[in-house]
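Next come two complexes, and both contain chain A; in the first it sits with chain B, in the second with chain C.
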Partner chain A sequence: MSNIPRGVRNGLLGVSLPVYLLLYAPLAIIAVFSFAPSLHHPGLNVAAYGLLANDPQVLAAIRRSLVLALCSAALGTMLGTLMGFGLSRFRPAKGGGFWVGTLPSLIIYLPIIMPSLVFGISEMIFFNYVHQYTGLLSAGLLTMGIAHVTFQAPYVALVVYARLAGLDANLFEASHDLYANGLKSFLYLTIPVVRPALIGGFLLAITLSIDDFTISFFTAGPGSVTLPIYIYGEIARKGSSPEINAIGTLMIATVIGVALLYYVVTRQQGRIGQTSAA
Partner chain B sequence: MTGIAQGPQPQAGPNRGSISLQGVTRIFAGTIPAVDGIDLEIKAGEFFTLLGPSGCGKTTLLRMIAGFEVPDAGRILISGREMQDVPAHKRAVNTVFQSYALFPHLNVQQNIGFGLRMQGVKAPERKTRVDAIMELLQIGPFATRNAAQLSGGQRQRVALARALVNEPEVVLLDEPLSALDAKLRNELQIELLRMQKRLGMTFIFVTHDQHEALVMSDRIGVMSKGRVQQVGPVLDVYEKPRNVFVAEFLGLSNIWPINPGGGAQVDTPIGPLQITASVGAERMAMIRPEKIWMWPTRPERPNVFAGQVSEAIYMGASTQYRVALTDAPAAPPILVLDTNNVAAERSWQAGEMVFVELKPDNVMMIEG
Partner chain C sequence: MSGLTPAIKKPRVNAERLATALRLWIAAGPGLFWIILFLLIPSAMLLAIAFLTNSDFGSPVLPLSLGSFSEVAGYGILGWSGANFVTLARSLVQTGAATSMTILLAYPLVFFIITRPANLRPVLLLFAILPSWTNQVVRTYAWMQLLNPEAPLSHIAQKLGIIPEHLGLMPGDFAVLIGLTYNYLPYMVVPLYAAAEKLDWTLVEAGRDLYASGTKLFFNTVFPQTLPGLLSGIILVGIPAFGDYVVPQLLGGDRAMMLGSLIAGQFTFSPNWPYGAALTLIMLAFTCLGLVTFRRLTQRMGAGEGAML
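Coming up: the complex of A and B.
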C-alpha cells in the first residue's frame, strides 16, 4: 500500500468511491423508503411490512419463489456436481483432447455467458412446441424449474470443478493405496473433500433462482407468479410503492444472508480436518 | 499384525516383500513403450533404487507395482504372488507420493490412521499404532494440525508415517525428497535409511538424483528409455558401469572410443592405453576423474601423459581440473578430480604443466 504514490492512491479513491456509491446507494434507498410515510401512516414506520404480511398474493409469490429455488437448486446441484466431476476427469490437461475435454466444457459453460433473454425466449418456444405436440409441460412452475436447473447446473459445475482441480491429483490414488475400495474412497475421501463445494454450489443455485427474472418471465405460466414477476407486475401497474421497497429490502437481506453463509462454508473447507473425528 | 478385518492378507516367510518383474511392458496410447519388457528381481528387505532421467519410465514402473497402472504385457509378483488381478487397495504395498497427497480434510493423525481405518482396524489399536509411528518419526508436536499447515519436511514425514503404519510388505517412494532443500534432504535421506533398516521392509525408491541413489541404496537399477540399463550394488554400478549412459548418468567420466590392440592394450584418441580388463564387445574406455593421478614429474609407469592444466575449478572439498594433453591436442581435455584433503601434496593452477596417470586397473571397458 505504502509504495503506491499519493497521487495515484487519491485517483483510485476518486474512482472507487463513486463506484461503491452507485452500487450500494440504490440498495440503501430502497431499504430506507420501505419505511417511508404513506397516506394513512405519517412518519417512518413498518406499515409496508405489515401490508406484505397480510397480502395473500405476496405470500403466495414468496412461497412459490422459495419452493422453486429449493427444488431447482437441489436438482441443479446434483446435475452440476456430476458435470463438475466429468469435467475434472476429462479435462484437457489430463489428456482429454478436444472432443472429450475442451468441447464438453465449452458446451457446459455456454449458458453462463449466454444472454438470459435469448435463453429465456428459446426455452419458452421449446416448451411451447413440446406442449403443443405432447400436451406435457404446460407453462408453470415445472417449466420454470427446468429452466432454472439448466442455468444453475453450469455454475455448480464450475464450483465443483474448481474444487476438484485444486486438489492434489494423487489424492484418489492415495486412498486406494491405503486400502479404500471405490465405495470407501467415495465415502471417506470424495464426499468430505467436495462437501464445501456442494454446499457452496447449492447456496449459489438458490440465490440464482430467487434472483432470476428474465428466464422466469418467459417460462412462467398464469399460475406461477414468483416474487420477481410479481414485483415487475406491480411496478408496471402502479409504479414504486413502500410495499415494493419492503419486498426489495427483504430480498436483499435474504441474498446477503445466503452470501454470508456461502462465504463461511467455503472458508471452512481448509479447516474441516480439525473438527471432524478420527 | 492383528485386527485386520479387510485388506491384504499378510504374507509370511522369506518371500515377504520380494518383487519379481517379468517382461513388464506399458505402452501409452500407441506411442513408444514407457516401460519396455523389464525383468527385475528385488529382494525382500532391500533398499532398491530406480534411477533415471525424467521420462525414463521409472515412475510408470512404480505405479504398476502399486496397482495404479496395469501392465500391457508381463507379470508382476509381490511376495511371490501374481498381481495381475489384484487391485491397488488389496496390495500390501504403500506409496509415498512425490506430492505427498495428504488428505486435505483430515489432520495429521487422521491422515496416518486412514489406511488402518480402511482395513477395519478398531479405534483403540489404531490409536496405539498411529501414536507409535508418530513417536518414531517425531510427528507428535503437530499431530492435530491440518496438512495445509505443515512445512515440506513435516509433510514428508507424515506421508512416510501414513505408509509405514500399515506395516506393508513393500514401500514405494516416488521422489519423496525432491521438493525439499538440500540440508533437510540430507537429514531425511539418513532418517529414511535408518527407518528402512530398522523396520526391514522392502523400499523401492525412485529418483533422478544419482547422488541420492548412491547414498541410500543397497542396489540400483539404472533406467533409460523404458529399459533397465544396469542393475547392481551401488559400488558396482558406479565403478563398473556397463555402458556410456550409465557411466555418464552416475557421475563424471572420461570416455574414449577404442580400437582393441589385442592383449592388454587398446588404442584411443589420447594414445595407446594399457588395461587389465578384458575386452569383449565393448567399444569404449572409461575412467572416473577421481581415479586419475596428477604428478609434477613423470613417474616411470604405464599410461602417463604429459599435459597442461587448462582449467581449475575449486569446489570446496575437491578441485576439478581439465588437462589438455600435449601429444593429443585434438582429443578433448581430460577431466581430473582431486581432493583438497590434508594429505593432498599440492594443488594446480591453470597453465601449469603436469603428468596425468591413468592406472590400468582403473580403466574400464564399456559399451557404447
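Coming up: the complex of A and C.
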C-alpha cells in the first residue's frame, strides 16, 4: 500500500482533515462558549463552572449518572460475559438448530438492532403496567438500571464472544483432562483468558450507559434526573446557557481524558506483553 | 475410534447434544431471560397495544380494533390528511441522505488512516470515534450552537443568499441531516476500517499492472473488498438514524418532523398509546425490511464470518 500515488495520498489528507475538523468543531465551540459566555462582553471567565459547582441539582444528577453507569455496567458485564462464554463454548460450529443456534442469537441481537426509541417506550409501558398491578418497580433509577443492563449485556457478550472464539478448544479439553470441573475451568481458564475482554466490556458498558439518552428518558421517574436528562430539560427550557456549555465541556473533557488514559495504559501493557513474550 | 462402536454412537451423540444445549442455556440463561423479560415481553406488549382502543386518558382499553392503523393512514376526526405519509417519507429520505453522507465522509477518512504508518493508525481511528463517546444530547446541542440563527454560520449563509434573511440554518431538514450524519459517522467508520484493514493490496497491484487506473481501479479492486464493511456500516447507521429521536427533536422543529418525534409525542405530551404503538409497528416494519435486505446482500457477499448470527 506504500506505493499509492502521492496525489491520492494528498487527496485523502485534504479530505480527511476537514472531516476531523467537522468532528471536533462543535465540541470546541461549546468549550469556548463555556469560558466566553457572551460575544458582546469579550473576556474569559470561569463563572459558569462556579455556578455548576454550587448547583445541587447538577451535582445530584452527576452522582445519579455515575451510580447508574457503574451499577448497571457491573451487572451487564456479568450477564454479558456468561452469555458470550455460553455461546462460544457450548454451541456446535454448525449453528446447532433453533434452540441452541438461532434463538439465543436472536435474543442477544434484539437489544442491539431495536431502535432505542422503541426500546425505551416498550420498557416504559412494561414498567408502567408492572407498577400498576404489583406496586413494584416505580419509574426511577432502578427501572433505568434494568433498561441499561438490557442493552449493555449483549454488547459485552459480543466482546467476550469475539475473545473466546479465537481460543483453542483443546485448552478446555486439557483442563478437563486435568480433572477440572465446569466451574473450575470457568474460574481458572475462561476468566483469565477473557480478562481483557471483561475490562473492555465493562468500560464499553459504562460508555453505553453514559451515552444513552432516549432509553433513559423513557424509563426515568421524577426523582431520577440523570445528567443527560437534566441537560435535555435545560435545553428545552432555556435553549442555551453558559451552564450547559460548562457541563458539556466537562463531559467531553472526561471522555477524551479517559480515552487517552485507556490508550496509554493498553499501549504500555502491550509493550510489557511484547517484552515478556520475547 | 468412533468407527469401532457404531452401535452405541447415535444415542450417545444425542445425549451429548442435549447436555451441551443444557449447558448453553445454564451459562447464557440469566442474560437471555433478562432480555426476554425486560425487552421481548415489553415490546410484544407495545405491539399488542396497537390493536387496542384509545381511552379518554390516553391509555389503551379493550375492544380490539384497527382504529389506530386508520389513524396512521391519515384518517382522523377532521378527515384524511397526508401528514403521516410526509413524515414517513421525510424519515426515509433523511435516513438515506445521512447514510450517504457518512459513506462519502468515511471512505476518504478510512483510507487516509490505513495509508498512515501502522503506529499512528490506532490513534487516528480513536480520534475519529472519540466524539461519539460523549452523550448524544451534548453532541446535538453543540450543533444547535453552531447552526442557530444568531450564530456566524447562519449570518454567512444569509449573506450568501442560501437561506432567507430572517431564518437560521436550524431548525429544519438541513440541520437534522447534519446532526444525523455527525452522530452516526463513527458507525460507518469502524466497520469500513475493519474491512479496509484486511484489504488484499496485491489485487490493486494486479489491477495496476493491467493498466487500470483511477476510479476504475478503485471500483474493481478496492470497492468490492470493502463492500462487506460498507453493508454493515449501512445497517449500523441506517437503523438508529431512522429511529432517532434526539436529533429531529432538537434540530428539526415542527416542520422537519421525523417518525421518531411523531411516535414519542403519542407517549408524552398528548398520550395516545394505541396510535403510537401502531406507528412503532410501521417503524419496526421498515427497520426489519432494511435489515433483512442488507443481511441478504451481506450473506451473498460471503461476509460475516466470525459473527454470531
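Assume the second predicted complex is superposed on the first by the 227 of 278 C-alpha atoms of A that agree within 3 Å, B and C clash if a C-alpha of one lies under 4 Å from a C-alpha of the other, contacts with A are read in each partner's own complex, and residues count from 1 in each chain.
As a convention for this text, a residue touches a chain if its C-beta (ideal position, glycine included) is under 8 Å from a C-beta of that chain, and two chains touch if they have at least 3 such contacts.
Keep in mind that this is a model prediction, so the values were computed, not measured.
> Is A:Asp168 touching the first partner chain B, the second partner chain C, both, or neither of them?
A:Asp168: touches chain B, not chain C.
> Taking the superposition on A as described, I'd like to know which of chain B and chain C A:Ala25 touches: first, second, both or neither.
Touch partner of A:Ala25: chain C, not chain B.
> In the superposed arrangement, does A:Asn181 touch chain B (first), chain C (second), both or neither?
first
> For A:Leu189, decide between first (touching chain B), second (touching chain C), both and neither.
The first partner, chain B, only.
> Going by the contact rule set out at the top, does A:Tyr133 touch chain B (first), chain C (second), both, or neither?
neither
> First (chain B), second (chain C), both or neither: which does A:Tyr232 touch?
A:Tyr232: touches chain C, not chain B.
> Which partner reaches more residues of chain A, chain B or chain C?
Larger number of chain A residues touched: C.
> Going by the contact rule set out at the top, does A:Pro115 touch chain B (first), chain C (second), both, or neither?
second
> Taking the touch rule as given, give the residues of chain C at its contact with chain A in the complex, in rising order.
That would be residues 17, 20-21, 23-32, 34-36, 38-43, 45-46, 49, 105, 108-109, 111-115, 122-123, 126-128, 130-139, 141-146, 148, 182, 185, 199, 201, 204, 239-240, 242-246, 250, 260, 263-264, 267, 273, 276, 280, 283-284, 287, 291, 306, 308-309 of chain C.
> Which of the residues in chain B come into contact with chain A in the complex?
Answer in residue numbers: 6-8, 29, 66-68, 87-90, 93-95, 97-107, 109-110, 113-115, 117-119, 123, 126-127, 144-148, 162, 166.
> Provide the residue numbers of chain A that touch chain C in the complex, in ascending order.
1, 4, 9, 11-13, 15-16, 19-20, 22-27, 29-30, 33, 79-80, 82-83, 85-87, 89-92, 96, 99-100, 104-111, 113-119, 121-126, 129, 146-147, 149-150, 153-154, 157-158, 161-162, 165, 182, 207, 210-214, 218, 227-228, 231-232, 235, 239-240, 244-245, 247-248, 251-252, 255-256, 259, 263
> Residue numbers of chain A touching chain B in their complex, please.
95, 167-171, 173-181, 184, 188-189, 192-193, 269-274, 276, 278
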